[in-house]
Each structure stands twice: as structure tokens, then as C-alpha cells.
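To start, I am sharing the structure in question, which I have written as C-alpha cells.
Order of writing sets the labels: A, B, C and D. Residues in every chain begin at 1.
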Amino acid sequence: MGPAFKKIALMARGRKKGVEETLSAVAQYLTEAEYEVFIEAETAKIFKDIDLTPLQATELDNRCELLVVIGGDGSIIKAAHLAAPHKLPILGINRGRLGFLTDIHPYEFEQLERVLHGEYVREDRFMLKCELFDDGKLLYSDKVVNEIALSRGLVTHMVDFDVYINHQFMCHYRADGLITATPTGSTAYAMSGGGPILHPRLDAMVMVPMFPHTLTSRPIVIPADSCIEFIIDEKNESGPCISCDGQERVCIKPGGRMKIEKADTVLRLIHPKDYNYYETLRTKLHWESVGAR
Amino acid sequence: MGPAFKKIALMARGRKKGVEETLSAVAQYLTEAEYEVFIEAETAKIFKDIDLTPLQATELDNRCELLVVIGGDGSIIKAAHLAAPHKLPILGINRGRLGFLTDIHPYEFEQLERVLHGEYVREDRFMLKCELFDDGKLLYSDKVVNEIALSRGLVTHMVDFDVYINHQFMCHYRADGLITATPTGSTAYAMSGGGPILHPRLDAMVMVPMFPHTLTSRPIVIPADSCIEFIIDEKNESGPCISCDGQERVCIKPGGRMKIEKADTVLRLIHPKDYNYYETLRTKLHWESVGAR
Amino acid sequence: MGPAFKKIALMARGRKKGVEETLSAVAQYLTEAEYEVFIEAETAKIFKDIDLTPLQATELDNRCELLVVIGGDGSIIKAAHLAAPHKLPILGINRGRLGFLTDIHPYEFEQLERVLHGEYVREDRFMLKCELFDDGKLLYSDKVVNEIALSRGLVTHMVDFDVYINHQFMCHYRADGLITATPTGSTAYAMSGGGPILHPRLDAMVMVPMFPHTLTSRPIVIPADSCIEFIIDEKNESGPCISCDGQERVCIKPGGRMKIEKADTVLRLIHPKDYNYYETLRTKLHWESVGAR
Amino acid sequence: MGPAFKKIALMARGRKKGVEETLSAVAQYLTEAEYEVFIEAETAKIFKDIDLTPLQATELDNRCELLVVIGGDGSIIKAAHLAAPHKLPILGINRGRLGFLTDIHPYEFEQLERVLHGEYVREDRFMLKCELFDDGKLLYSDKVVNEIALSRGLVTHMVDFDVYINHQFMCHYRADGLITATPTGSTAYAMSGGGPILHPRLDAMVMVPMFPHTLTSRPIVIPADSCIEFIIDEKNESGPCISCDGQERVCIKPGGRMKIEKADTVLRLIHPKDYNYYETLRTKLHWESVGAR
């Protein structure tokens, strides 16, 4: 029986240690094994020595069946933005150290081979959509894999805003900001803020207030089909800013509105058959070794 | 049109301020309004002056359509254990102060009247089942509305135990214990331990480690259809104890096993039509008033 | 026996509810009681209807013995910046709601009278000095009553910096920032970030990391005679910003250095004789009323 | 110049991996180097093959100048109870892994040699004294290096108790318990409960409430010269228990009283000259490696 994935695009970002080497090795391995191998266009610009046919983001969907990403979790997040609209599956090869989203070891080609031949599990991670409105007019829209962070900009004052869930008033916040994270994002930025871990299979999102004025504020987990709206108080001196997956920053004026809902796209991950979420958790959070007592 | 609930049993526990007075007033009001009114048998023993036909727990299901509970959240928990097997709906009348589960004000009989005539929303809160095994033999079983707390007994040492989820090893804990809570229980004991709030509509449970040795341990939210197993290390000097909804304490021997799964019973709550979960949250957690800054 | 304080300057900031009214009432009361009453110059500009001799900041020290501040804790912080260089005592009159630093009720003139006649306790709260250096050159210097917050500016990336204590390397931080607070500041911004309460009598400061990358980071309390230095990594894309008592924001370049030490000034507070720190704590943190369970 | 310490007693507890081996090697090394070497009496009973003159606890003070403890931090705690009354210095040799209190590597005899010849720093860690009273009668008294934990016993209910500091009412607690820790204990049990790190040079203690009912409860750091009193509510069904340095458990009746004050004994630690508290902190808390993001 032939491989499950035959047409493969490679992608990498940044020039961190080991990325180019792994990219070359994977390119060579797959080419020799007679897969049809492409390189994502931006990747081709960064790593000019890799001799593969470049594919523009718009072509990925038609020309290949799998996007293999070399790097860390951050690279997968970037890949998701390209691949998600077409539900193109993503396989992450780490740089020698397990990531939450990259579980193939860079030099275990046998593991890679098995995955390509069908020994994999597919997992769809839902994404969130964030929309900013001013006077009812859509100003900005983005999708995220991890989280949307609303936070005060350069002003030193806390931000005042109201939150509505499914058009029902939830509460008023006075805080440095608030992180809304998916289960995938629950082990990223939201965790530094004291948020809980959400199992990836949960259809839920978590809202983690940042440095809230109200001492009884707590992270709250709500159903993923909720529509969250943030209304920025008119009385704020200047508006807060939004950061999507830690990538960009757009600011909202006092009086503006942000809406968060489940996106219609997903991050479709391909894991080796023996993938074990809890093992990743134990390893990444050093549960086996870190105790002071 | 006649009332939605015609046959009603009253229940109360404890002799806290205002309970007897409210119980009498409700009994009188319902009797005069020509409802068929009973009193739950244990309640009858505590409040001997209330002149109503007592019903044993086993009769509740056949003889009445609604269990009206006067008291706080703790009383609802106790009522759930009687009513849950039959999915008998429960309506909570608080003692003048809103509870998470008791949202009818004691002297607003109009509000009560409207609920009884059908202006209500019904909400099923799932429960958890806890089973203890020793050498594969079932030693103890219970159901909870809020949480199951595994904690060290009188010994000063931490408890060592392994947790498996759906037969997959999750991690080893060295801790004072661990709380497994439903969304209903997320605002009770689990919250004191730093757990997140889980929206009642979530089909999820949260595991909150108590004073864990591993400093990177975090509360984790998992799907409610998970089967959690705790294997108590043989090396513990003495076994930990289990407390179900804060009510009883059963101990497990080193080597013993505890299994937690979703129960087949639910707490069926009746709320007034204008019930608003977030309002309850804001009020109970004093979100409107408590800020140090 | 005559009053302990005879020459008094009044100060207020902002136009919040009740401030002007209280300012007028206190001015009238003290004038009628034949105290020598002044108004701080900036206050005179805001409240033009108060007919008192204005005093510039530089004159406060020579012309008066007590600075009476009407407002909340924020106003006391502002007053401290004027009064601290001269150790001029400060008495805070709140706007009807107890503050951590303002414990005289606005209309209890008897309480005020008793304090002015010597029934008071004096408490010196130490302050911190913050200095920013670039290439060894002092760029900026400020003093704080509450805290110095180092935090990322508009960039979405975390800040990388090293901390040295008494020239000994403490650790590397990768975080959204770090708050260094006095005991006075421990119940302000630092508390929202999970910092402990420090008793005002403690000669200690607390460092609270903000959203640290390292999950085992914890607030740390160190002796107040320590010299803390922050070295901002050259590799940061842009430098973090410093906010002193939440008032201004100055940015440091990558490679820059911030030094924090105890200041040579103090906030000298005058409390009524029956002042009780724990009572303030209980009231401000709502310890008597806020429990979910 | 001769050694700074010539008469040395060896002590170890437990039979953990490596202890006996290290004990033998150290005994042999010191004997050959012509130190006067003893073995603490209890240690002699556990490790019968070590051929040294045993010393009873009461003789340690007269016969030797230094107590060398082989083991982990727990062993130092045990040694402190023997050595503290006489301020006998303690030197900790770990079992190959740095402890907070044991910083000599087991096979680096040169390091040991240098310490014995005077290249050391001495550090006194203060201890706490705990006294239990019933009806004004002293029932129990103990001293601790780390912490005193008051916690509910086998009952499932929280404990209600009042805390007074220097005879001033601090607050009422409804909680699973409360840990009072020294700076030394701040990185032990208290840390698992969310307490801050206290620098060892601080003359302060920290009170960490366990699972408090009041959601705005926070760890609080107070001066070490404070006298803390706990009055157990008469209304508790049964009394809480006290655990001193995790070693024993004594229970207090409802109505009983516990007093905590600084003890008149200290743990006198001997560190190598290059001892660095922050390095120990970084290593023990894995600050260099543990980040999820």
C-alpha cells in the first residue's frame, strides 16, 4: 500500500539552531523516497539553498496534502494561519525538543515514514475569531489558534470594560487586560496568568483576567459556542490593544467593541499513532522533576 | 391555565436562622393556594410544628412533582441525593441571601407563584460517581453534585498516587490531595484551592491538586465523559481519605483504587424565568464591590 | 494644652464626588477653630472657591506642620511626593470610605480635633528610589511610595532581563514585567499580581513577576536594604517601560539598567490613636463578608 | 594553621540511596585526616558498621564543635532539633543533589576540607516556638525550623479560628488550616500553598491560609518579633491538629489556643565560602529550565 500523504509541502520560520539542517535533511529524505515535495513560498525565501518548487499560500491547498512544519509551537501557529482555511493537515517536526504541537523528532525518519504511511491520529483544534468594531463598523478581524489578549497599551492605567456573553451582561472588569484562550492556548500565555489547563478535546475556552482590580476575579471556562463581547468604557483615557496569537497589535478606541467567537477554521494536526497528550504535558511542564520539597 | 407543578414536597435541613419561619410561611401559602403539599420525612422530624403529610424518600418520586428546598446550597446538595435518582426537579428558596443553587427569595411569593405556573427554566446539572476498590472489590460508592476530595488523613505526610484518564497514565501526584469537581462544584471547595470557574453548561470536570509537591502542577479541566482512576501508592504509610460533597469520609488503603465517572443521575434545578448565571456569580463573588486598589 | 499641630496645609486632587464639599467643610472648621490654615498651590488652582492662602510645594515645609489630604490613597501618594523630602507629616481624610492610607472619616470633626491635639500615632513608611541608566549615565530618577513596575511596552513579546541583588546574580526573567513593591504597595498593584501582603512595619520589599515564562517563578520578599539591579537584555526588540506609583512611564533601551534602592525619604503618616492596621485590612479586603462557599 | 573545627560529630537519618556510602567515606576521610570524629547516637544505631564513638544528644555540645549531617533538608531539620539548643553549627552534605540546606557535594572532599579550615560563612536561621494551651494550661510545646501547620483533622469541615497578632485581633479564618513559616520554611510546605519566598536574612514570618473560605485571603508576611495567637472556635465539631516541621501531630480542642513566637534557638548553618542563596534557589526551583511557552 502506498503512503497516505504523497504530496507534501515543507515550511519553516526563523533561523533558530537546527532548523535549516533539519529542513534539508527532511527535504532530501522525502525526495529520495519519491514523495512529491514542495516548499512554502516564504520558507523558500528564507532558506534559499533548499532546492524545491515553492508554493504560494493560495496554492498549498490544491497542490499538496500535508504541510510539514519544522520548528517549535510558534511555527505551527504561523502555519495554521496558512493551512487552516483549507483544513490542510499539519505535521510538526520539532528541533530536538518536544513541543506541545510538534511531536516528531527531527532525525527519526522511521517515525516520519510511519506517519506518512497512515499510522497517525488526526486531531482538529478549534480556532477563535476576533472582530473589532467602532461605531458598528468592522475595523479588524483575525483568527487565532492560542489566544486573544486584550491589554492596556502604553497607558499606566487599568482598562475598564464590560463583558457580555451571548448578549447577557457578564461583568465589568477593571484590569490590565484579559486573555481569551482555546484549549490549545491554555498551556501558553494564559497559563502564565494562572489559567487552568484545558484538555484539547474540550469544546471550551477560558477567560483569564490580567491583574484584575477585583480580588475575587477568577479564570472562567465557558462553552466554545459562546459569543463574547467586550465593550470598552468611554471613560478610558485611551483604548486597549489586541494581540492575536502574540503576533500583532491593534488598538481599540474607548467606546469600541470586540467580539470573540469560534472560527469556522481549524488547526488540523497530524500526530504519530502513539501520541499521548498527557505525556506531552508531563514533559513540557516538567511534572516528573520539579518539586522544591 | 393551572399550575405546572401541583404536588409539592417541602424540605429543609438544619435550624439556621429563618429556615423554620420560611418553611411555615411557604407551607401555609401553598396550602391556601390549594396545592397538594407534603413534607419530606426527615424535615418533618426536625420541624415538628409543620402540619403536613410526611413523605419518605422512596415516596417522593410517586407522590410529588417538585421538591421545594428551603435553605442554602448545602441543603440543595442534600436534596439532590434524595431527588436525583428520579430526576425530581428541585426549587431552592434561600434564607434571604442568594445562593448559587437557591434563587427564590423567601418572601416573594409572587415569584414562587410564577415559577409554579410554568414561568421557569429547567437546568440539569450532571453529577459524578465515585467508587473505591480494594483488590478489585468494590468497597464504597457514592454520587456527588459538587466534588470528590481525596486528601491525606491524619498523617502529616503527603499522599503519593498515580492518576489515569481513560486508562492512559496522566501523572504521578505527591500532594495533600486532589479535588475533582463538577461545574456546580467549581465555585465551592475547588475554588478555594485556586480552581477556575466552570460554566454550568460545560460538559467538563476540573481536577485541582491540593498543595502539590510539583510546583508546575495546575488545575486541569477534562471532558466529563472521562474515566479517572487514582491508584494509591503502596509506599504510603497510610491511605488517604475520600470526602464526597464534604459529607462523609471513607479511607482507602495504600494500593487501593478510586474511580470517578459521570453519574447516571442529575440535579434537576428549577430557576425563575429571569435566572441569570452571571448575575449570581457577580453577587456571590462580590465582583461589584471587592477591589483593594 | 494647645494643639500639637497648629499650622496646617490642605491638599486635594481630582474632582471626585465629595472632595470639594469635604475640603470646604474642613477649611471652615479649622479656620473657625483658629488654626493657621493654608491651601497647597495646585489644590488652590483646582478648587478656586476655597479662600485660603496658597502655599507652593517649596514653602510647605517652612510654613506648616501638617499636610491634611482629602481624597483616597492615590491622593496620599501624590502628597507624599511633595511632603516626603521634608518628612512633613500627612493626615488623610477619606471621602466616606476607608482607605489604606486615609483613615479619618470626612465628617467626624471630633476625631480630627483629637488627632490635632496630639492623640495620634506617627508611622513612617519607607519609600523606594528608582534610577535608570544608559551606558552608565543616569537618565531618570524617581521615588515611590507603592511600587515600581517594569513592563513591556507596546510590543507583544515578553521582556528578557537579568536581576542582580547586591551585585549577586539572582536570575534571568522572561516575563511581561516585574513589580517591586514596598509594604505600603503590597496591597495595591502587587496584590493583583498574586503578591503577599507585607506588614507595614516590615523592612522588606517584594518582587512580583508578571506573567513569567518560568512556571516556578514566585513572588520573593527581600530585605529593604538590598540594591536591586535590572539589566535589560540587548536581544529585546524594544525596551520595557517603567511606571512609578502608576504615574508616569519612561522607557529603557535594550542594554539599559535600572537600579532600585531604599529612598532617603519617607511617607510620614499620622493616624488616629486607635488606628489598627488589621482592621483596615479586614475592611478593605472584605474579609468579613466575601466567601463563595 | 590548623582547622577551624577539630571535633566533629556525624549524623544521618534514613537509609536512602547513597547515605551510608557517603557516611562511611566521610568518616574514613576525617579519621585519616586526624580529626576527632564521633557519631551521633541514633545514627550509630542505624548504621552499625560505622566504627566511631557514639555521642548522645546531650553530649554533642560538650564534645564536638560541628555537626556534619549527611542527607537532605529533612535530615538537617532533624539535626536542628538536637543542635539548636547549643547553637552547635551544622554542615550539610547532600546525597549528590543540592538541597536548600545541604550544599556540600558528597565526594568533593576538598570543598569539605576548605570549610573545616575556616573557609566558610556562618548563617543563623531563626526558629519558631509553638505552644498549645487548654484552659490556660500549657499542653504542648515545640520548636520548628520550617513551619507550624494548623489543619483540620479527619473531619471534613473547615476549621473556624480567630487570629490575634500582638494581642490585636487580626481576623477570623474559616479554612482547611493555616501554615506559619520561617524564611527557611518559605520554600518548603508554605510554597506549595502559594506562599512567597522569604529571603533567609529577613526577620519575618509568613502566614499562608489553606483553602480559605474568604476568597480575598492572601499570604501575609509579618515581623518575626510578633506574637501570633490562634483561638479555636468553640463551635468547631472537633479540633484541628498541629504539625511541627511535618513531624508530629497534636490536636487542639475547640476553645483551645495556640501561640507562635520566635524561639530562643537558631539553626546555625555552615556554608562553603562561595555559598550563593540565589544560585540554590535557581537550581532547586529549576528557574533555568522550566517554561511552558
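We take it that a contact is a pair of C-beta atoms (placed from the backbone, for glycine too) under 8 Å apart; a residue touches a chain by one contact, two chains touch by 3 or more.
If you're wondering where the values come from, they're calculated on a predicted model, not measured in any experiment.
Undergrad: Half is the threshold here, strictly exceeded: which of B-C, C-D or B-D has more than half of its contact pairs identical to A-D by residue number?
TA: Selected from B-C, C-D or B-D as the counterpart of A-D: B-C.
Undergrad: Check B-C against A-B and say which one is joined by more contacting C-beta pairs.
TA: Of B-C and A-B, it is A-B that has more C-beta pairs in contact.
Undergrad: Could you grab the centroid distance between chain A and chain C? Build each centroid from C-alpha atoms only and quote it in angstrom.
TA: The mean C-alpha positions of chain A and chain C differ by 41 Å.
Undergrad: Measure off the straight-line distance from the CA centroid of chain B to the CA centroid of chain C, and report it in whole Å.
TA: A distance of 45 Å separates the two centres.
Undergrad: Go ahead and note the Å separation of the Cα centroids belonging to chain A and chain B.
TA: 36
Undergrad: Hunt down the residues of chain D that sit against at least two other chains at once, touch-wise.
TA: Expected reply: 189, 191-192, 194, 213, 215-216, 285-286, 290, 292-293.
Undergrad: In the complex, go through chain A and note every residue touching chain D.
TA: It comes out as residues 100, 187-189, 191-192, 215-216, 284-286, 289-290, 292-293.
Undergrad: Quick one: which bits of chain C touch chain A in the complex? Just the residue numbers, please.
TA: That would be residues 149, 153-157, 175-176, 189, 191-194, 210-213, 215-216, 241, 243, 246-249, 285, 290, 292 of chain C.
Undergrad: Which positions of chain B touch chain A when the two form their complex?
TA: Contact set of chain B toward chain A: 165, 168-172, 174, 191, 194-199, 201-202, 204, 206, 213-223, 226, 276, 278-279, 281-282, 285-288, 290-293.
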